[in-house]
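Following: one structure in structure tokens, then a few remarks.
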Amino acid sequence: MSIFHLIFVEYLLKLNIPEWLIFMLWQIIYFIFISLLMILAVLFLVLFERKYLAFFTRRKGPNRVGLYGCLQTVADGIKILFKENIMPKNADKFIYFVAPIIVFAPILTVYSLIPFSSDINSYKSDIGILLFMAILSLPIAGVLFAGYSSRNKYSLIGGMRSCIQAISSEIPIFLTLAGIVILTGSMNLSEIVKAQHSFSQWNIFPSILGFIIFFICSLITLNRIPFDFPEAESELVAGYNSEYSGMKFAMFFLGEYALTFIFSAYAATLFLGGYNSPFGFYIADLFDLTLITGEIIRNIEQFFWLILKTFFLILIIMWIRAAYPRFKTEKALELCWYIFIPLAIFNLFVLCIVQYFRGSL
Amino acid sequence: MFKEFETKFDILNKTIILPNIQEFYIKKENIKEVLRYLKNSPETIFSRLDCIIAKDNSKNFTVSYILNSDTYNTKCAISYYLDYEEAETVSISDIYKNATWDEREIYDLFGIKFNNHPNLKRILLPDSFKGNPLRKDYIANDERLKWNND
Amino acid sequence: MMKDSNGIMTKTSERTMLINIGPQHPSTHGVLRMLVTLSGEQIIKIEPIIGYLHRGMEKMAETRTYLQYLPIVDRIDYLSGFFCSYAYISAIENLINTDIPIKAKYIRTLTMEMNRISSHLLWLGCYLLDLGATSPLFYTFIEREKILNIFEDLTGSRMMYNYYTFGGVKRDIDKELLIRIKKFSKEFLKAVQEYEDLITNNPIFLTRTKNIGILSKEDATEYSITGANLRACGIQKDLRKDSPYLIYNNLEFSVPTGTISNSHSRYIMRIKEMKESNKIINQCTDWLLSNIEDNEINTKINPLTIKPNGAALGEVESTRGLLQCYIEANGTEFPNRIKWRTPSFYATQAINTIAKGFMIPDLMAIFGSLDIIMPEVDR
Amino acid sequence: MIKSFIYPIKELIKGLLTVLKNGFKEKVTLEYPEKKKVLNNNFRGKIKYDKTKCIKCKICQKVCPAKGTIEINETFKIDYSQCIFCANCVEFCPKGALTITKEYELATNNKNELIFNEGIN
């Protein structure tokens, strides 16, 4: 039971509210929290990416709407909501309509799996690692549906590419995840984080190879630039979403950024110690605080550390975007099958040895 | 350089395109033989066709082939006249591949037909275009341009 | 059953797909349309369709005097307007038999080589954009902007210069501008080094371009491909060396030549060409700085009254290859026929030969590396 | 073997660093409506007509490549929707009645606003 839940329940029970209602209210509050977090993350990320790319390319970036352009994405979002919804005449209407939802909904779902702090974690699943990846294989189906149902050859090629790359990138990812499970002995994400309580215990140190493989393969899953084949602007116009407009397009677009954020958070959780402070202590511990205030401040701090680590990874992802041209589809597949899978198996082997000696110490 | 060529074929006329390109007027029927000879003869080796120029001289057409020799670093022009009424000649796209589009362009703009051309159709103008704009009788504001207005 | 470009229904085999790339497509550099037959993602056949930017440049010449036609010439290839201007003007100078002053020759060489750099820079940025890299576009445009600013101060316009005139150039180049050019050429070397750091040996770039879009020597000659595309094959053919015009005789520069023409070597050729152009710029500015007092920049021909007679062929080694302008004059103030031989026209024709058998992503890598520009193809 | 692995990685890192190095260089954005470029006197913008100097010789009309841009009858008419700003008319005006200005912001909502008529005396 998290400290926030306890406070909430205690307060509401005083008001004589039935327990089942409290339970539902708590779920609703958590849903709102996650949605807000996602929307804020996306709004910030889109603006941040534009500013950051502008930094690399010696421009100023958006700076007209709001202070330093901080409202630019809000303005864009409002604009896109009012855009006309155009559907191709020959489109497979039901699948065309459902595809953006299939892409968007699972991404929202996995936000509940990540432990943002020791107490902010709505669903502590015992198979958290697996569930995360399993849910995230659904958006690929959405992309394929979008590509197929648009009745556009560019879209179709984009959808197919997305499918192939998902298959080939997920195998190395799962192999590195197996390494994490060996190291921590658990599939529960919060257990994994707890196992990395101090800086030297972070999974990245024994599993640096695994981290690199995971990182590059997640770039493939995220369709980020060296591997953005499904939308490859200069080849396929806009790939799977070329026939989408208005809100439906926005769902693909938001989904992509939300996925970037959550995948970075996932990587930070698995390899970079999650919400743990790298210094091994929290500011809340230094002061003599009451139990509840101390817990709350400590949670906020943990949340801050996770976000910081996530953004560190996002910075690298966007930096890569600024520097490199796009891979070729088949070369990326070769990279996955011929280099990453053997390396990931080797990594697994190394981790087994590491764990054997750790156990004996 | 052109001595053997001049003895071998009928040269109707010789002029110069400034600054220093010799232009030979030959008979229309000979064009394929001439070009094949100039391309393969070891004295000339005009391995490259720079472009084909068609001209409307108000009473007949001139078709000129500007040839370019990588080996000897020279250029020459082979030309012949075509009657206005039967604007038809033979395609040389089997000798120089790049003539394919050049001939299509001339067909498009002058209406000269090239026999045995692999794919003779309009290239710069849309298929629905009427007339051949580079002919002298085709003047701007021609009523044939009206297809554009409706 | 599928319709081909003629509107004729043809039966396509079940395993192939006909895809229409362009005329509106992010990487067709304008309005080229390609009908591509695909098997999976492999290209079986490409049929380029051109003419979407046809402006009737050759017909326009018939109703305009030589002087009136002059500003229009720049628009044939808007990225390297000086070359088009030069091809046209040199043909007319041959017809009216004038020799231009030495200073004008130097200024023409200087501007043309700077134009070559600016055009190559745009190509470089757009090529990498085709390959999916976004930043190089901005870096090259920053350098290009400097050249365009110099051109703007010299000629009055950024792209449509209208600077050359019959018998010379219109305005003298002043010392302050020459110093700016000198400064630019120093900065440019650093910039090129940066592009090379970023691109040349990047493994992703190498997998995208190495051994992709191979153009054999025979095909290059057969299709009359010129410029950097040809020199990448190993044929050293450059009009600046073969029959030097202007003052290329007095300048020290080399013509970069490759061995096998593939997308990567074509890229290398252009990078090297930019460096060579930079050398030429340096030599020209040095000469111009030491002859700053020389005021003779054109032979005072009245362009209003020229009525040449005869035929002439103006040639220039432009950014994209051999650019020819054939003029047949008939003694009046209107030309009888002007024909433009543009290098991109022939490069476009060869796309099918070069790109057949490669994949869709390779098509962009090949097409971009040929440096085709549509206004030049369609005229 | 190891070299062939390390070399690409070195090149990739070099690319990243090149991009980063550029980030710390001076920014080049010119915020247009507020800040404008300084133009040289040669710049070919809108054309200024001085009716006191004009002698109605119509040379400007004759040298104009975009036919119909300049028309001289009772008035001097110039149509900027057709003008290509080559400044041929300015160059060949024998009396200097036409001069170029630096004004280049000619965008309007109405095409007719681009046609300028001025009386000739």
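Labels A, B, C and D are assigned to the chains in the order they are written; within every chain, residues are numbered from 1.
By definition in this document, contacts are C-beta pairs under 8 Å (C-beta built on N, C-alpha and C of every residue); 3 or more make two chains touch, one makes a residue touch a chain.
Since the model is a prediction, treat every value here as computed from it, not as a measurement.
Chemist: Walk from chain A over to chain D along touching chains and report the minimum step count.
Modeler: When the steps are counted carefully, the minimum from chain A to chain D is 1.
Chemist: Measuring between Cα centroids, which chain is at the maximum distance from chain A?
Modeler: Relative to chain A, the chain with the farthest C-alpha centre is B.
Chemist: Going by CA means, which chain is nearest the middle of everything shown?
Modeler: C
Chemist: Cα centroid separation between chain A and chain C, in whole Å?
Modeler: 46
Chemist: In whole angstrom, what separates the CA-based centres of chain B and chain D?
Modeler: Taking the mean C-alpha position of each chain, the two centres sit 39 Å apart.
Chemist: Provide the C-alpha centroid distance between chain B and chain C, rounded to the nearest whole angstrom.
Modeler: 24
Chemist: So the centre of each chain is just the mean of its C-alpha atoms; given that, what is the distance between chain A and chain B in Å?
Modeler: 64
Chemist: Can you list the chain C residues in contact with two or more other chains?
Modeler: Each of 63, 135, 139, 142, 198-199, 202, 204 in chain C touches at least two other chains.
Chemist: Please list all residues of chain A that touch 2 or more other chains.
Modeler: 56-59, 322-324
Chemist: Any idea which chain D residues touch chain C in the complex?
Modeler: So the residues of chain D touching chain C come out as 8, 11-12, 14-15, 18-19, 21-22, 28, 39-40, 42-44, 59, 62-65, 67, 84-88, 91-92, 100.
Chemist: In the complex, go through chain B and note every residue touching chain C.
Modeler: Checking each residue of chain B against chain C gives 15, 17-19, 21, 23, 47-51, 53, 55-57, 66, 68, 70, 73, 75, 96-98, 100-101, 109, 121-127, 133-134, 136, 138, 140.
Chemist: Applying the document's contact rule, which stretches of chain A touch chain D when the two form their complex?
Modeler: 55-60, 63, 319-320, 322-324
Chemist: Touching chain D in the complex: which residues of chain C?
Modeler: 63-65, 67-72, 135, 139, 142, 145, 152-157, 160, 162, 170-171, 194, 197-199, 201-204, 304
Chemist: Which of the residues in chain C end up touching chain A in this complex?
Modeler: Counting only chain C, the residues touching chain A are 17, 19, 25-27, 41, 128-135, 137-139, 142, 198-199, 202, 204-205, 207-208, 359-364.
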